[in-house]
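Dropping a structure here in structure tokens format, bear with me for questions.
The first chain written gets the first letter, and so on, giving A, B, C, D, E and F; residue counts start at 1 in each chain.
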Amino acid sequence: MEFSQAFRNGDLVQRVIAEIRRTVTRDWVIMEICGGQTHAILQSGLDQLLPRQIELVHGPGCPVCVTSLELIDKGLAIASRPEVIFCSFGDMLRVPGSNQDLFSIKAAGAQVRVVYSPLDAVKIAQQNPDKQVVFFAIGFETTAPANAASVLQAKAMGLKNYSLLVSHVCVPPAMHAILGSPDNRVQGFLAAGHVCAVMGYWEYPPIADQYGVPIVVTGFEPLDLAQGILMTVRQLEKGTHEVENAYSRVVTREGNQAAQAMLRRVFQPVDRNWRGIGTIPMSGWGLTPEFAGFDAENRFDVGHIQTQESPLCIAGEILRGLKKPHECSAFGTLCTPDNPLGAPMVSSEGACSAYFRYHRQMESVAKK
Amino acid sequence: MTENKLPAFEGPVCPLPMRHDDQIVMGHGSGGRMTQELIARVFAPAFSNPILAQSNDFASFPLPADAALKGRISLSTDSHIVSPLFFSGGDIGRLAVCGTVNDVSMAGALPLYLTAGFIIEEGLPVETLERVTASMRAAAQEAGVQIVAGDTKVVERGKADGLFINTAGIGWIPDGREIGGELARPGDAVIISGALGDHGIAVLSARGELGFDADVRSDVAPLNKLIQNLLAAAPHVHVLRDPTRGGLATTLNEIAQQSQVCIEIREQDVPVHAAVRAACDMLGFDPLYVANEGKLIVIVPAEEAQAALDAMHRTQYGEEAVRIGQVKADPAARVLMKTLIGGTRILDVLAGEMLPRIC
Amino acid sequence: MCLAIPGKITEIYDQNSLRMGRIDFGGVTREACLEALPEAKVGDYTIVHAGFALNLLSEEEARETLDTLNEIANIEAELGLDDTEISSAGM
Amino acid sequence: MTENKLPAFEGPVCPLPMRHDDQIVMGHGSGGRMTQELIARVFAPAFSNPILAQSNDFASFPLPADAALKGRISLSTDSHIVSPLFFSGGDIGRLAVCGTVNDVSMAGALPLYLTAGFIIEEGLPVETLERVTASMRAAAQEAGVQIVAGDTKVVERGKADGLFINTAGIGWIPDGREIGGELARPGDAVIISGALGDHGIAVLSARGELGFDADVRSDVAPLNKLIQNLLAAAPHVHVLRDPTRGGLATTLNEIAQQSQVCIEIREQDVPVHAAVRAACDMLGFDPLYVANEGKLIVIVPAEEAQAALDAMHRTQYGEEAVRIGQVKADPAARVLMKTLIGGTRILDVLAGEMLPRIC
Amino acid sequence: MEFSQAFRNGDLVQRVIAEIRRTVTRDWVIMEICGGQTHAILQSGLDQLLPRQIELVHGPGCPVCVTSLELIDKGLAIASRPEVIFCSFGDMLRVPGSNQDLFSIKAAGAQVRVVYSPLDAVKIAQQNPDKQVVFFAIGFETTAPANAASVLQAKAMGLKNYSLLVSHVCVPPAMHAILGSPDNRVQGFLAAGHVCAVMGYWEYPPIADQYGVPIVVTGFEPLDLAQGILMTVRQLEKGTHEVENAYSRVVTREGNQAAQAMLRRVFQPVDRNWRGIGTIPMSGWGLTPEFAGFDAENRFDVGHIQTQESPLCIAGEILRGLKKPHECSAFGTLCTPDNPLGAPMVSSEGACSAYFRYHRQMESVAKK
Amino acid sequence: MCLAIPGKITEIYDQNSLRMGRIDFGGVTREACLEALPEAKVGDYTIVHAGFALNLLSEEEARETLDTLNEIANIEAELGLDDTEISSAGM
């Protein structure tokens, strides 16, 4: 069967949305935590079709956007070394560090390569024995298995010239951070379907219970998202806080056990600094002692990286929904998409950049 | 919620690109916003003149009065830098001929003559050059144009990428023919000659760097005969343009900007081959931003739209032509898309270089 | 995060100590790591992210989901609600 | 002794170059014999048509009858790959504009419009691009032409050499004007507009690789006004050509070949600036093979020679014009030189790339 | 004063030639041994102006032409190594080895650089510490001091990545070989002025005496050459065999003592194979034991280079004037300038290539 | 062999253990090694091959040579011989 097309059926989506309209009776705030889902929602225009009562807020689930400035600057310093071939997912190339991005240093002569998979970086290491190949291992639990596999393979092949610059982040601690905030507005969660493909959703019932929010595992096609929202709204209206699965073709409660075992071997929980949010305890993964030799931060001494997010930036408040972007003193003046001071202006789907662009460009465009 | 705002969708870009205004980066060659900014900042002020300011794929101008020319001249140029030189469905030679034949033709001109400038990296097999020039000859014959002037330069190894070919082309625009990106009018129909993204995906697949094989052939083709047939059937065509670098979305934005109109297209009507869609799904690309080399955007008064489609359907390279939208007055200088599920969003120009996403 | 797409396994092999496979995404094929799918066999569907197969796809579950959603749709069609809005959405 | 034979002098070449017919080497871009062989073997057969076969710096052609054009069109192209981008007396931008303005003008045409195709290596400072385009604007203004179409491509670092610029140009040839390399006739005078070798030596010096500093400025200049003044005074000029790559010797050989005549020049009359001669002495170059970018060869009936010289002397870039020889019937397709001491030798085309000699 | 222009005075040259005409009474064969002089003679057309009685024959004094095929192939093998930057005088780039030339391997990716001076190659070595820089040290006694200086400098700078591929040849042994041949036709010599600038001409009186030939040290401008020929003809007509100096502004009898001392320190005589002639005992220079570490042949093992000049080639007989090129069975068929089988077809001033080109192209060109 | 040209020494210095100089060849200058000319001073003429100064040039000797040759030429001019041939040579 064609798994993607069937879930892009516009007619069916609209009928599910009609069911949401029939179900909803009052205002609800639902967060899709995953940036890929944010992307899908904006691309399909799903948010416009929802009843006014439902406000979708976009979570911090974009790994390129939440990677800390310090780690980006470390990556830039490592990538600039003449003996290094720095491999990265494509979307990391334009993330601004303190002064540069990977594009700039590539233009200035650094060897930066875009790969689709970390396993391609291992091949590059094999083909370039006189170079050090470093992979910028960003991502959530979905990407971690691929990165782990690359290290396992490099070790099995005896490669001494492959390492990871690790910036893994994990979803459950972020959900805790959001829901545990005193000014939290999120009443229901769409859980990230591909994270759950690996991890399952056995970790979520305690969260749902603790904060009293429904959590629905949701896929990425418009129909998946509409279904996830419907199931969340139904629970909200009923007052339940179950963990449900709207992505059962991909996700099981237990997740992929083999992948989880691989992750436990290669990675261990560490504190992680999220750009725009700050450090969340035990919210990321670092390499275990067995694989510490593959850690680029150990292999390359990049000196002391001194970074500081702008003191003007109120990203933390904005990301928690406490303030609106135009309430920031830097908004649109010192801070623009061309010269972002904070994460919400970095991401094209970030609240600050969205506000900036809409206010700048869209004054004459009324909703259809 | 920003209920009164439409979401802008800048091609597949997250995060926003950093501004690069001190050195040239790859995005300046993307054909998208960074290219437009570079042109606006560096080239346009330096060369400023009314003909250049037309911002079409071609320059259109008369000759001195003594030449007694009826009609106008259409002139265009493109440099071709594709890697690899050969890919499914075409090669750099066919590309170099078709690209310029097409740009010249977007004036409604009869393309006549081409120049060809070769920049060759030392070490290129002469046999490669022979294959490329044979392909150029075949494409020129197909298009009915002649390559009448050339130039050959050789650069040291490591100072080029095998072979670059620049072509420039000249054509004759018959008297009274008025076609240009500034002429789209509310009410016009928007037609595309076939499925989008074949060229970009075919080349990316041939490049091999991302490790995928796609069952896709480049659409590279000369469009001048399609255009001649189209114009015979629909003489009041307002705009012709080939959505090359930056894809359909970027090209429609250029037109919307030039004509100060809104162009609205319907996602469900935009043709994309299944394999192209699969490749785009895999890489996080949007086919509306992927390059084409044998596709034609036609903007034509609604009353001639059916005649235009019928003529296109009867011509090679136009069999899959389809109406994808219409021109509206507002919001001016905007391209909107009705999504599959009935939403509407702004379709912006490509922000920088298109890159595979994980997110 | 986590762009991943479904595809069909057309070939399985070992490469440099990892279980690998060729995946057909519908006219596009690519290699992916099957290390976390020890039970996968040729013909199975999987969902691939960054060259790594995350999990098997269940055709049965997909059909069930679609059936459920179609039921909702049919209820909605029977009720005849919101028709105007739907057509105004440009479909 | 070979008493009945003249020594051929293939530019400064010892030993004879090896034949390179499997891969492109630097000599294929020298503008000399290897370039000619590459064109003859690869490009000419592929693109074969009567206009290309004219083998002039420009292509000259009419438009379709419906265009009612009086006169003809002159079209030309060159890619520019100079390193460094800036040198004494000029830069790649001035070169790109003047080179094509000049080639177009060699038809006796009024040059009108240029296209410009930029291939930029990622990492190029935008400020460099601004300096180059400012220089292009200045040169275009000086020449009185407009840059009306452009193209920008960016390639990865290590796949170009900073910046390559292709220009193509179009001009109008008034009715009845007949100028071309095939029109030299026995009895004609051969005039050169000034001293030889300045450009080649200025660039080589700027490159720094050979470690010398020369007090020499490139002669790069637009020659169209010189030509217009010349043609007003000497309307029956037979041949105009700029001795660029390959130098005077190679260019005269092309003319001798096209016209099937003998061109005989006198060494003592060939102007060369002292510093250029010194640099050539040091490197073992012959200034007759060194590139110029602002010099004009004029072949004109003897009776108009003085009028031609007078007009040139009154015009910028022609002050040092001098008659250097004449056209004879035999030996056809040969260039001969009367040496300073009264000998005669064949001046052949440049064999391959010009290289500093120790011997 | 302007040393070059004064000696290019065409009027004066013609008057000296007139004096030669008045002096000569019968046929004489004079050899200019130096390829640079051959070049100057052809370029100025001096030979055409000489009386018919004087035949100039061109000696083997072109270092790029006489470098042996084996050494060229060695150079190509060394230059093809990825760690090597191979530096050479420009005219060496087009000399054909057995299958390739330096141009071909450069096009195929080898790092080949043209330098004006071996001291520039030392600079390249200094700037590229991770590369091996090899200079192709060809040349006669004139070039040897520059090459020696480069080695002395590299040693003083402690450079471990600079070496020479040495192909030095010496003039006096070649003169012995030519004059000592049973079928020698040479009756007078123009000695190479720039060789003598370094070496002086104290080595020549024994040669002049042994073979009874006048030897005149001669410069490179047309006037120098005309003068040298005049002085040689005067001696020939008188029947003397003195060593005279027609280049006294540059050359002294003792030469440059400091340069000679430098040469003795760095180089020592060795047997040398001359392309087209064969091995002449003690006719070349190799590095002394003190500098053996700078010998590229020691540093790089290029395996066994197997070359063989074509058995058809009768270059030896042609270079000694015993046969004419068209008497060679390969001439113009198997052997052409595009595909030379022997040295006289390699050089653009070689007898075989000259014959080939004149017969091919010049049938219709009569002498002025 | 041995292209070498005369030039004037305009500067002398030591560089990486060698005696070096700047030579003016008449509008063109280049560095050359003066190691074999310990006695050379700024203003002297030398003849340079491959970046190495082979010897000093003697202006006096040059003049003498030219004088000698001019004498020959004058003799020849007085004799009035070969004039036809000379002019036919294109001078």
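We adopt the following convention: a residue touches a chain if its C-beta (ideal position, glycine included) is under 8 Å from a C-beta of that chain, and two chains touch if they have at least 3 such contacts.
As the structure is a prediction and not an experimental result, all values here were calculated from the model.
Listing every chain that touches chain A and chain D alike gives B.
Common neighbours of chain C and chain E, by the contact definition above: B.
Distances between chain centres, each the mean of the C-alpha atoms, put C farthest from chain D. Of all chains, the one whose CA centroid is most distant from that of chain F is C.
The pair of chains sharing the greatest count of C-beta contacts is B-D. Computed centre separation for the pair chain B/chain D is 35 angstrom, with centres defined by C-alpha atoms. Put simply, the C-alpha centre of chain D and that of chain E have 34 angstrom between them. With each centre defined as the average position of its C-alpha atoms, the distance from chain A to chain F rounds to 76 Å. Shared interface positions of chain D, i.e. residues touching 2 or more other chains, are given as 23-27, 122-123, 156, 211-212, 268, 281-282, 284, 341-344, 357-359. Under the contact definition stated at the top, the residues of chain C that touch 2 or more other chains are 1-3, 5, 26, 30, 49-51, 86, 89, 91.
Contact with two or more other chains is made by residues 4, 10, 14, 35-36, 49, 62-63, 89, 106-108, 116-117, 120, 139, 143 of chain E.
Pairs of chains in mutual contact: A-B, A-C, A-D, B-C, B-D, B-E, D-E, D-F, E-F.
Taken in their complex, chain E has these residues touching chain B: 106-109. Those residues of chain B that touch chain C in the complex are listed here as 205, 211-216, 266, 268, 273-279, 281-282, 284, 338, 340-344, 357-359.
Contact residues on chain B toward chain D in their complex (touch as defined above): 21-29, 35, 38-39, 41-43, 46-47, 49, 51-52, 58-59, 61, 63-64, 66-71, 73, 75-81, 110, 112-113, 115-127, 129-130, 133-134, 136-137, 140, 146-156, 158-161, 164, 166, 168, 170, 172, 174. Remark: chain A residues 1-4, 6-7, 10-12, 14-16, 18-19, 21-22, 34-36, 49, 61-63, 89, 116-120, 122, 139-140, 142-143, 145-146, 149, 152-153, 156-157, 192, 194-195, 197-198, 220, 223, 227, 230, 246, 248-252, 255-256, 258-259, 262, 368 touch chain C in the complex.
The touching residues of chain C, when paired with chain B in their complex, are 1-3, 5, 25-31, 48-51, 86, 89-91.
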